[in-house]
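Both of the next two complexes hold subunit A, though its partner changes from subunit B to subunit C.
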Partner chain A sequence: MGSGASRQERGQALARAAARRLFDLAVVMVGVATVVFLLLRAVPGDPVLILGGLDTLDRDVIARARAEMGLDRSLVEQYLIWLGNMVSGDLGRSLRSGVPVTDLILRAMPPTFQLGIMALVIGMVISVPLGVAAARRAGSPADLGITVFAILGISTPPFVIALGLVYLFAVEFRLLPVAGYVAFADDPAGNLRAMAMPALTLGLVTGGVLVRMMRRSVIDELGEDYVRTARAKGVGETAVVYRHAVRNAAIPYVTILGLEAGVMLSGAVITETIFAIPGLGRLMIDNINARDYPVVQGTVLVVALVYVLINAGVDGMYRLLDPRVRAGAAR
Partner chain B sequence: MTRLDRRLFLKSATAGVAVAGSGWLAALRHPAHAATRGGTLVIGVPESFSSLDPFRRIGRLDYNAVINLLDTLVTYGPDAIPAPGLAESWERPDELTWRFRLREGVSFSDGTPFDAEAVVFCFGKIREGNFGGQFARITSVVATASHALEVRTSERFPTLLVELAQQYASMVSPAAVAAAGDGFGRMPVGSGPFRIESFDPGRELVMVRNEGWWRRDAEGVAMPYLDRVVWRVLPDAETAALSLSTGEIDFLYALPAPMAPMMAASPDITVSAAPTFGWEYLFFHCGQPPFDNVHARRAVQFAIDRQAIVDAVSFGTGTPASGPITPASWAFNRANPGGGLIAPRANPAAAKAELAAAGLADGFEMTMIHPTFPHLTAMAQAVQAQLAEVGIRVTLDGKEIGGVLDHLFASNFTCLLIDWGGRIDEALVFNSFFRTGGGNNFGKFNDAEIDALIDAAAAAATVEERARIYQEAELKLVAASPLAWISIPSELRALRKGISGFVNHGDYRLRAWQISRG
Partner chain C sequence: MTAPAPALSVEGLRVAVGPPGRGRAVVGDVAFAIPPGGRLAIVGESGSGKSMTALAVAGLLPRGARQTAGQIALGGRIVDPAGPGMARIRGREIAMIFQDPMSALNPVMTVGAQLVEAIRAHSAMSPRAARARAAEMLAAVQIPRPAERLDAWPHEFSGGMRQRVMIAMALTHRPKLLIADEPTTALDVTTQLQILRLIDGLCREEGSALMLITHDLGIVEGFCDSVVVLYGGRMMEAGPVAAVLGRPRHPYTRGLMATIPPLDRDVDWLDPIPGEPVATPAADAPGCPFAPRCGLAEARCRTVTPAWRPAGSKVAASCHLLAPSPAGGGLS
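== the complex of A and B ==
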């Protein structure tokens, strides 16, 4: 009976937390939508003039193009139309091509997500063993070597890493294509070949950040009382490090991992440009340059939404990793 | 680092002119290569496509795709002589009537027959489109037989054939328009040399040969020669150049001038350069001081060292400007370009004399707006330094291109540096830039004599007559200096050896149906 009530209470608490989250999400989305709308209009430049530059500036042509794009309406009108459509899930149409913005975004998401996931996996594969190894031998030449490698990864601009990789793998050894993208569904091998260098570029940068994080956290954990206790109880060193220290070090690591995942969405612009990957970063930059307002607005909204979801995911990971968080949520 | 061989560029540039001069159609009738049939051409392009809807105002790259997909009634090469397209012949029984005889046996690539009804439908689309205003003088378009058409106009319309040759007057399949609705810009269907196989605007446009294209080459062989043309979006210039050197692409759509020397040095790659119809130039606001005074404008005109700018800023790939008509144009005065008033080198003495005549012997200060593209920024800095030599103190105001266009369109500037790609027909250039109230006349220049010459040229019967009148107008324009023409950019392309048939006319058009492998 008592346990049933508490389960019910717990369920209600969870529902309340979920409702709060959803409300926060709605506030964030409308806020982002408004700020993006206003910022874009505050930036000088007119989508009609930019397209085609000086090639045809006949005033009648401009006026017709502007009317077709709905730019002859007042700002307030444009804002309300857009907000109204957004509520029903319609992000509008590209000014330049007339294609629905949702189509453009859905098309651009898979490459960016694939690139982000591959880069994070590479980052993790690099950072967990190297970070732990460095922490266990803190102060040794091996630690120094790993730290230098990590700092190089963090501080070398992605375009330098990218061009270095291209020179090596595409020009010298002719193992991989210089640039381009094919969908995994169309050609799995071609897709992986095309994504290898971009993922490695981003993975090396992220890996550098994560190595530093893992090393610091494991060093901290290894100095904790429970580690001494475990060692005193005679637990093997490998078990002490991996079962106890690394597990606890995972919490700050996952936080950084979540932030890095967010960076992948927006920070992949340069990598996507160099390697000609038609992802969200490219979609955004192309359309900022063209002042294709609906596309930029829609892309920013989707990126913001994914950010929020990643953060929620990181919170969820805490619950998995730390029993105290689980207990706290239930209370 | 190999220094660019300027002579090589001049040579290829002259070759480009020679071909343009001898006639675009002549080049088509006498292909310099025995065309091999088949194969794929991969073109690296620097930006995403926006839309391929010819009736909208789209970008230059989009138009390049469109010319390879859709036909027009009239075709019109760099020699400015209207030639038959989907219209086989035409006549003008009176000043206000045009009769067109349409090509028979042509189908759009979806199988819809091309006939007079389809043309009537397309005229409707054209006039609803962004460019509909260009055709406002048309009062009726009537199909008089299955392949005959009569167009009536409310007043004389001497440039109708020129307008009908533009991509915004493309002929498209009425059935495909009805089926595609708003999506037509993604899958335009016409009767041109190629049809679309797949299109992902940010990644790749794949075209395949339209087996039923009506046009034949000089030997009577069906064109196009290529099976497929792939337009791959490679936004980063470095990776695009590397892709060309590894052979992943065959053709670089736009070669940045700073990369030209490196490319020209490669044994596998040919660099193609030809002067364009466009300019890099200064706008003066002719309605306010100091440039309401012609002498102030002429002072700037004389103070600019064009050769130095071409050498330093354009890596030797451009041509010093001599006036509004460029070496690419059929109207260019080869014997005495621009009347010889604007020399490639600066003339500080003449500039100072003009300043004195303007009552500005001590020079003056002004702000120059320019786009922040690297080469235009460098050009603005060079002009700033050159004008300082004669006492004109320039403050540079670099803006992102969107901001520059806002200022330009609102005529909100004293002096503004910009470039444009030019138009093949001088009528479109002169009417737009120099006629009182013209579309691109943002400096509010007005001169009744020049207006009269522009009108006379539009009405002239022959190309030779038109060229003579435009040259006369050019002399007056150089003297009046509503703009300071600095240099003529080159159309720079790079292609792998083994690609033949590409002719660089300097009109920024890639006619893929003339190209073959081997």
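== the complex of A and C ==
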């Protein structure tokens, strides 16, 4: 059990975990690419006809458009070309505007990521103190109140929360704009005002889930033997809760946090639509309606990539929080 | 001549589990005292209330369990184990180690950090000084290369080593009383004796009284000077080890002795205890708790709680057959 040997073992375990992660990433991306490719082509509706309007185009024009878009080739050819381009980072161009898909995505990413991060921060700021407070007083009226709040947050549809917030902050108190978006770089204060309600909408939903998780985990940890040991040592109750129980409860909490970060990406679709934020969710919805294959494909791929990265982030957090994981021991 | 105040005295202790009002008594009218530096064993089958008694004394009862009656005094001073002042007493005047060393240490804190926490809970030592002291403590419990081991995680230690760490933490502040709740049950046989010797030796050095919970009568004989026998949360018999084990009066104690390899004594009553201990009535129900399994039970045993009465020099027990009875045929 010399520390030198174990450090080397830990390095190897880390390298193995990283290699497995990369392999997973490749498999997931190819899988997602394939499924998206097939699904989009299974959906009825010809992009050229939708783009051009049924009556206005003659056959030659249509044929030329199809050739330009590569739609005249066989499915297998289209698939292979697309996979090849994807590997080289080329996601194609929008069928409608001709703008490179990567440009569209890069433009749509900042609002979505900002929204997701703000919402997660709000969710954490709500859930850690409330979850711990509820756990410490499990069964009390305060616990019941927090639980009701959390369940309301979970079970109210986001658009209802959004409308409620709009009514409160935009209509009643006229503190925030109803909808719209400004880039942070252009107008930081305006950006934060525009993002406040969307972030709060998602943050309340996620906060509800996280409060439940934190409460349950802290209650469980407070019943563990090591907590009794800490009390037996004469450690004060606040330190028992935070230094011991919460630190251990953080491990399952982070799992749910990762799931919620993923949920953010789909939650963004509704929220971005309600608040007119030009993010990935909007980009995807608009282009599904227009059958703009390359844009939808590209967006889904990027979302899948983000999911995988979130997972890797969660694994990283485990390593940070749990020495047993670092050692590569059974978990 | 006044005797020094006992390290621990317990009187009329009752513990109940479940919701207040509808709870079930699991410890009833337990009373004993341990003189400074004394060694008391608490024995009894699984579920007899040994842990509940110990946890009540330390104020560490689990959620859902509470002390409903009784007085506990440490060094002659009455304390409220469930009260807020107990955190200042635990770890300093009274310390405790538990049965399962695998789960008793925080898995995400280093061994050193947990030792330092124990030290600094009751002293204003600097972190650096506390760390040096922590290494000394690991050395005292015979962990090799102690300074290095401070940075180890609990999962890198064996069960025996973790129990050593627990002992080190418990004895840091030279408590007047160490409670050890089956400290070796989870360990393999060779480690058991080492750990018991360690506890024994360190308690002697620090002058700590020991309350040792076990169901191994061999351990009682080897390490303790007095013994309390519990059944169904109530005291069956208590007294000096030599007297109680040498000549058990109570049918339950006799049965308990029959469950271990025979000792070279004239115990002529060697049937293993029939019946399941789970059928135990609540610790405040009338009658003798052992009646459902006692081979000598009479009608009154089920309805009248036997009194706690002397049964020889310094020994006391609770059994109707120990009373001087007009029908004759008592046990003593």
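The criterion applied here is as follows: the second predicted complex is superposed on the first by the 293 of 331 C-alpha atoms of A that agree within 3 Å, B and C clash if a C-alpha of one lies under 4 Å from a C-alpha of the other, contacts with A are read in each partner's own complex, and residues count from 1 in each chain.
Everything below uses one rule, namely that contacts are C-beta pairs under 8 Å (C-beta built on N, C-alpha and C of every residue); 3 or more make two chains touch, one makes a residue touch a chain.
Everything quoted here is computed from the prediction, not taken from an experiment.
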Partner chain in contact with A:233 - subunit B first, subunit C second, else both or neither: second
Which of subunit B and subunit C A:248 touches, first, second, both or neither: second
First, second, both or neither for A:24, with subunit B first and subunit C second: neither
Partner chain(s) touched by A:286 [first = subunit B, second = subunit C, both, neither]: first
Contact breadth on subunit A, by residue count: subunit C or subunit B: B
Which superposed partner A:171 touches (first subunit B, second subunit C, both, neither): first
Contacts of A:223 with subunit B and subunit C, given as first, second, both or neither: second
Which of subunit B and subunit C A:187 touches, first, second, both or neither: neither
Which of subunit B and subunit C A:9 touches, first, second, both or neither: neither
Subunit A residues touching subunit C - in the complex, by the definition given at the top: 1, 3, 6, 222-226, 228-237, 239, 243-244, 247-248, 251, 321-324, 327, 329
Contacting residues of subunit C [partner subunit A, same complex]: 58, 60, 62-63, 87-92, 95-96, 98, 100, 103-109, 114, 117-118, 121-122, 148, 151-153, 155-156, 166, 169-170
Subunit A contact footprint on subunit B (complex, rising order): 47-48, 50-51, 53, 56-60, 129-134, 182-183, 185-186, 200-203, 232-236, 238-240, 242-243, 245-246, 248, 399-403, 405-406, 409, 418-421, 423, 432, 439-440
Residue ranges of subunit A touching subunit B (in the complex, touch as defined): 43-46, 48-62, 64-65, 68, 93-94, 96-99, 107-108, 163, 166-167, 170-171, 174, 177-181, 273-276, 278, 282-283, 286, 290-291
